[in-house]
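Labels run A, B, C, D and E following the written order; every chain starts at residue 1.
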Amino acid sequence: MIEWLKSVISDPGILSAIEVTFTMAVCSTAISSVLGIMLGLLLEKFQFPGKRIIVRMNRTLMGVPPVVVGLVVYLLIMRRGPLGPLSLLFTIKGMVIAQTLIITPIICGMIYSYARKAAPGIRVFAVTMGASRAQSVLLTIREMRREIYFCMVTGFGRSISEVGAVMLVGGNIKGRTRTMTTTISLLKSQGIFTEGVALGILLLVMAFILQWVCDMLQKEEEQDENY
Amino acid sequence: MRITDLEKTIGKFCLKVDDLYIEPGKIHGIVGPNGCGKTVFLKTAAGILKPDKGSIDYEGLTSREITMMFQRPYLMDTSVYQNLIYPLTIRKIKPDEAEVDRMLEKVGLLGQKKQYAKSLSSGERQKLSFLRALIFHPKLIMVDETLSNLDPESEELFEEMILEVQKKEPVTWLIVNHQLDHINQICYQIHHMEKGRFLKS
Amino acid sequence: GGQKDEKKEDTKTEAPAETKKDEAEDTKKDEVKDKGKLMMATTTSTEDTGLLDYLKPLFKEDTGWDLEWNAVGTGEALKMGENGDVDVVLVHAKSSEEEFIGNGYGVERFPVMYNDFVVIGPKEPIAKTDDINAVFTQIINDQLPFVSRGDDSGTDKKEKKIWTELNLDPSADPNYVESGQGMGATITMADEQKAYCLTDRGTWLKQSKDATLKSELDIVCEGDKNLLNQYGVIAVNPEKYPELNNEGANDFIEWICSDKVQKLIGEYGIDEYGQALFTPNAGTDS
Amino acid sequence: MIEWLKSVISDPGILSAIEVTFTMAVCSTAISSVLGIMLGLLLEKFQFPGKRIIVRMNRTLMGVPPVVVGLVVYLLIMRRGPLGPLSLLFTIKGMVIAQTLIITPIICGMIYSYARKAAPGIRVFAVTMGASRAQSVLLTIREMRREIYFCMVTGFGRSISEVGAVMLVGGNIKGRTRTMTTTISLLKSQGIFTEGVALGILLLVMAFILQWVCDMLQKEEEQDENY
Amino acid sequence: MRITDLEKTIGKFCLKVDDLYIEPGKIHGIVGPNGCGKTVFLKTAAGILKPDKGSIDYEGLTSREITMMFQRPYLMDTSVYQNLIYPLTIRKIKPDEAEVDRMLEKVGLLGQKKQYAKSLSSGERQKLSFLRALIFHPKLIMVDETLSNLDPESEELFEEMILEVQKKEPVTWLIVNHQLDHINQICYQIHHMEKGRFLKS
């Protein structure tokens, strides 16, 4: 076990996969969070005709197959595609784009669902305090911070676990765009199952530790309410 | 503050105010049976609910100078102290710590300064909400039964505090309360409501 | 589209192996009636080229077995055989196959057919040739882009073998990348990057005919004797897994090696691609 | 477009893929919902040492790579595996097991996060009404029904979009365990991109309609609260 | 009901009851300043909070026969009617529609029978909460300032209703209120609290 871990840690291929995985996951979670929180709060705040349809579409998009997103992004950024000149294909940037498209609807949907309950009361309070619009949004975010954190953890989880889109858009190029999950996928296709599982567990352990660190940084105790 | 021809319908309830003049710098009481629309009226006057019709003339007051205290105050997910200074924070005013402590002391919340605000008892919540509204010196303060869960001493204390504020620099108060005898003592004028309308007084 | 019609069968939920056995016992061999399922693990090329879809109904007609397959990487396919999850494997990686049998997981390897590998890539700077060694040497010398599968599949093994035989180190070429994906995806990548790559002819023909993005690559090397791609079929050892459908596996091997089917394989693809995709060679080995 | 749709609708392969996809998704969502709701509510209700770790583990498992789950389930249900005798490999049942393992942590985590806010108040109320334990749980579920529905939609979305686990455990056998997403994956690997995207859109449209129907069945209006 | 040696600590607050006897079938008042622990006491007595120490002897009452009304009542996410009959639903009793309507009528909520409960005004909420507690005839009813947001008429009405219940079949009431004069009229005994303790009366 420890032997195996040592060999893994010293394998430059795996090290690079770890780096790629977390770079990609952190970037795409960050971008999706900003977009998702913004869109989710906007959706909650404004009433407009067709809102229900938008909400339903959002929910549907939460289940968009990553491989489809991968295909769409591929067709956009390939050499002959509309964004071809940007040379995003087979780069981490391209992977982040695909991931962002997958995760944003998830974060947006979850934020909307939380905000529907919490935000009206917060907004009303902000008005009575004389808060500006921006301050009111800020307060909403602050009051919903635990939920937002949870949404981000969910998005991050989705992001590190993805294969379909990342494989296609990133190309799974060894040492460059190969992630932990695509490595596992490759091992799988070679019939090397147990090492695949072991790598998967390693990935989860790292995600767990990362989350622990984030939890620590928040340093927040949960306190009881007086009902 | 003058309210003319105001109309607001929520569900089956309809609020109608033909013409109401709230004299500035005075304490106004609003009384009326449960469900007559006092809260809806205050919320509309505070700009929280958009009226369907009609207009409110604040006579130069900006929304930053108007506040409202709810029957069940909203407390932020943080400490008593943070809740108290929130209006100052958003106005980028550095709180005067001594003054803050004095205020908390007065209402008996100093020992709970660091306590999680949502764990306060209902009376304590109302006290906090009251201080939080006073701290940024608004010009129009609406109080929606915020004083009804207080014990008699606290109630008296708050009445004193209201009068104190009036002595220094008069602000406009709109106070909803069910106990006429209390409100009678401090109010300049009392408005009666029934079924969404103000009765001629 | 790549989908072909097939008869929809009823999805039985009971343990397939047992039913097969029972049915097999009271069925005479010549009688063609529904016998049950035969599970095969194979590489993606046999599925992608449509060969299996073509053979399935014929096999059912002749022997009564319902052929079902799982098209995966070579390693995965052999692993499923090793674990006794399939009855028969059809792959193309001779050394792994022999190891598979050597370890007692397979009974015997029967060569079935071959197709050949080709090198595809942009017309410039490599001129079309039949000398694989020249092509590979030039790729390294000129540091041309090359996409390798890098997934230890039959094709990948072949490519690695050529490098070793030429005493070349592909990692010396900074434009040499490993895709870690299947053949189709690798061809798409090569096309995208205007790179060279080694592929089996079947997948290449299929891809250049059906793919959404018309390939800008061409065959730059074909016909070298070294580029033959032999497929073998192996029944998973019933001594290790008595519950396996060994009867069906043997029927399949016998059937696919029969003259009639061999002839069919030799004709497959002519209508659609203008040339045969596989060359039958049961009994001999390339 | 309409031509294409017609040809798709009459293709038995696609029809079977649609059937398999929805059978699998509905079953796994149903099972995961039951498990996830139960576990999430239990986790919220009881305080015990190590609870924070469990919560964090749950959050980490929300990001478990499907391909790893696929491998684990494969190793469990393969003929030589501990559950081998049940013959679950290459069946929809096996796929449902894998999906359930992926989705349950997601639903559990989301339910926990919602319940943390809502459940204590509900529970206290239930006690004052003299409700039994079961009735109290039932009330909690009833009061959280909108959130639960949202969790189920999220789980369903995850379920129809998955490839990694389903491909491995189901074997992607045409007409039997091939789903919409594995079909798309296959098309992708053959370079047939536009048809892949089209099938993906078809899948989303069907999911959208299904959700619409479910929304209708609930027939619930959202009503304003009086703050 | 007898409470002996009870202790309950929440945060910095500590409730201590050495020995308290609540005579059954009578109306008891509890008064005390804000934050003295009235709500914590009631919740502990109702079995919502587990005491750290000590015991409560309910003299044969089961938890099904005890109810408590909160300062801010919890309303279910459904209609007024559904809220009202919830205690009957869980007891599998078919509600007597005429009786239900009569009750609603009495407090002036009949017109809002089908309204979404959470959109009621605070007074209306408290009325609903009160009816919901009465409807299943509990033997011990704790009232946590539920009457303080009512208008004077409603308050009188509810006092009458309490006395009416007592006339038919006496139940034990524990009523928290800040207005001594009101509570004095109907209470058999008044318990004074301060800083988490009961004062000897």
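Quick note on the criterion: contacts are C-beta pairs under 8 Å (C-beta built on N, C-alpha and C of every residue); 3 or more make two chains touch, one makes a residue touch a chain.
Computed from a predicted structure; not experimentally measured.
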Labels of chains that are neighbours to subunit C and to subunit D: A
Most remote chain, CA-based centroid, reference being subunit E: C
Furthest chain, CA centroid comparison against subunit D: B
Gap in Å, rounded to a whole number, between the CA centres of subunit C and subunit B: 79
Chain centre separation (subunit B, subunit D; CA means) in Å: 48
Subunit A and subunit D, separation of their C-alpha mean positions in angstrom: 18
Of all residues in subunit D, the ones touching two or more other chains: 121, 124, 188, 193-194, 224-227
Multi-chain contact sites of subunit E, meaning residues that touch two or more partners: 10-11, 39, 70, 74, 116, 119-121
Per-residue overlap in subunit C, given as positions that touch at least 2 other chains: 80, 181-182, 185, 213
Residues of subunit A touching subunit C in the complex: 78-80, 89-90, 167-168, 171-174, 176, 178, 182-183, 185-186, 188-193
Interface residues, subunit D side, partner subunit A - complex: 56-57, 59-68, 70-72, 74-75, 106, 109-110, 113, 116-117, 120-121, 124, 146-147, 150, 153-154, 156-164, 168, 180-181, 184-185, 188, 193-194, 196-197, 200-201, 203-204, 207-208, 211-212, 215, 222, 225, 227
Residues of subunit E that touch subunit B when the two form their complex: 10-12, 31-35, 38-39, 71-72, 108, 111-112, 115-116, 119-124, 127, 145, 148-155, 178-180
Complex contact set, residues of subunit C against subunit D: 1-6, 8-9, 11, 13-17, 39, 44, 47-48, 53, 68-71, 80, 83-85, 181-182, 184-185, 187-188, 206-207, 210-213, 241, 243
Contacting residues of subunit A [partner subunit B, same complex]: 121-122, 124-125, 127-132, 135, 139, 142-143, 145, 223-226
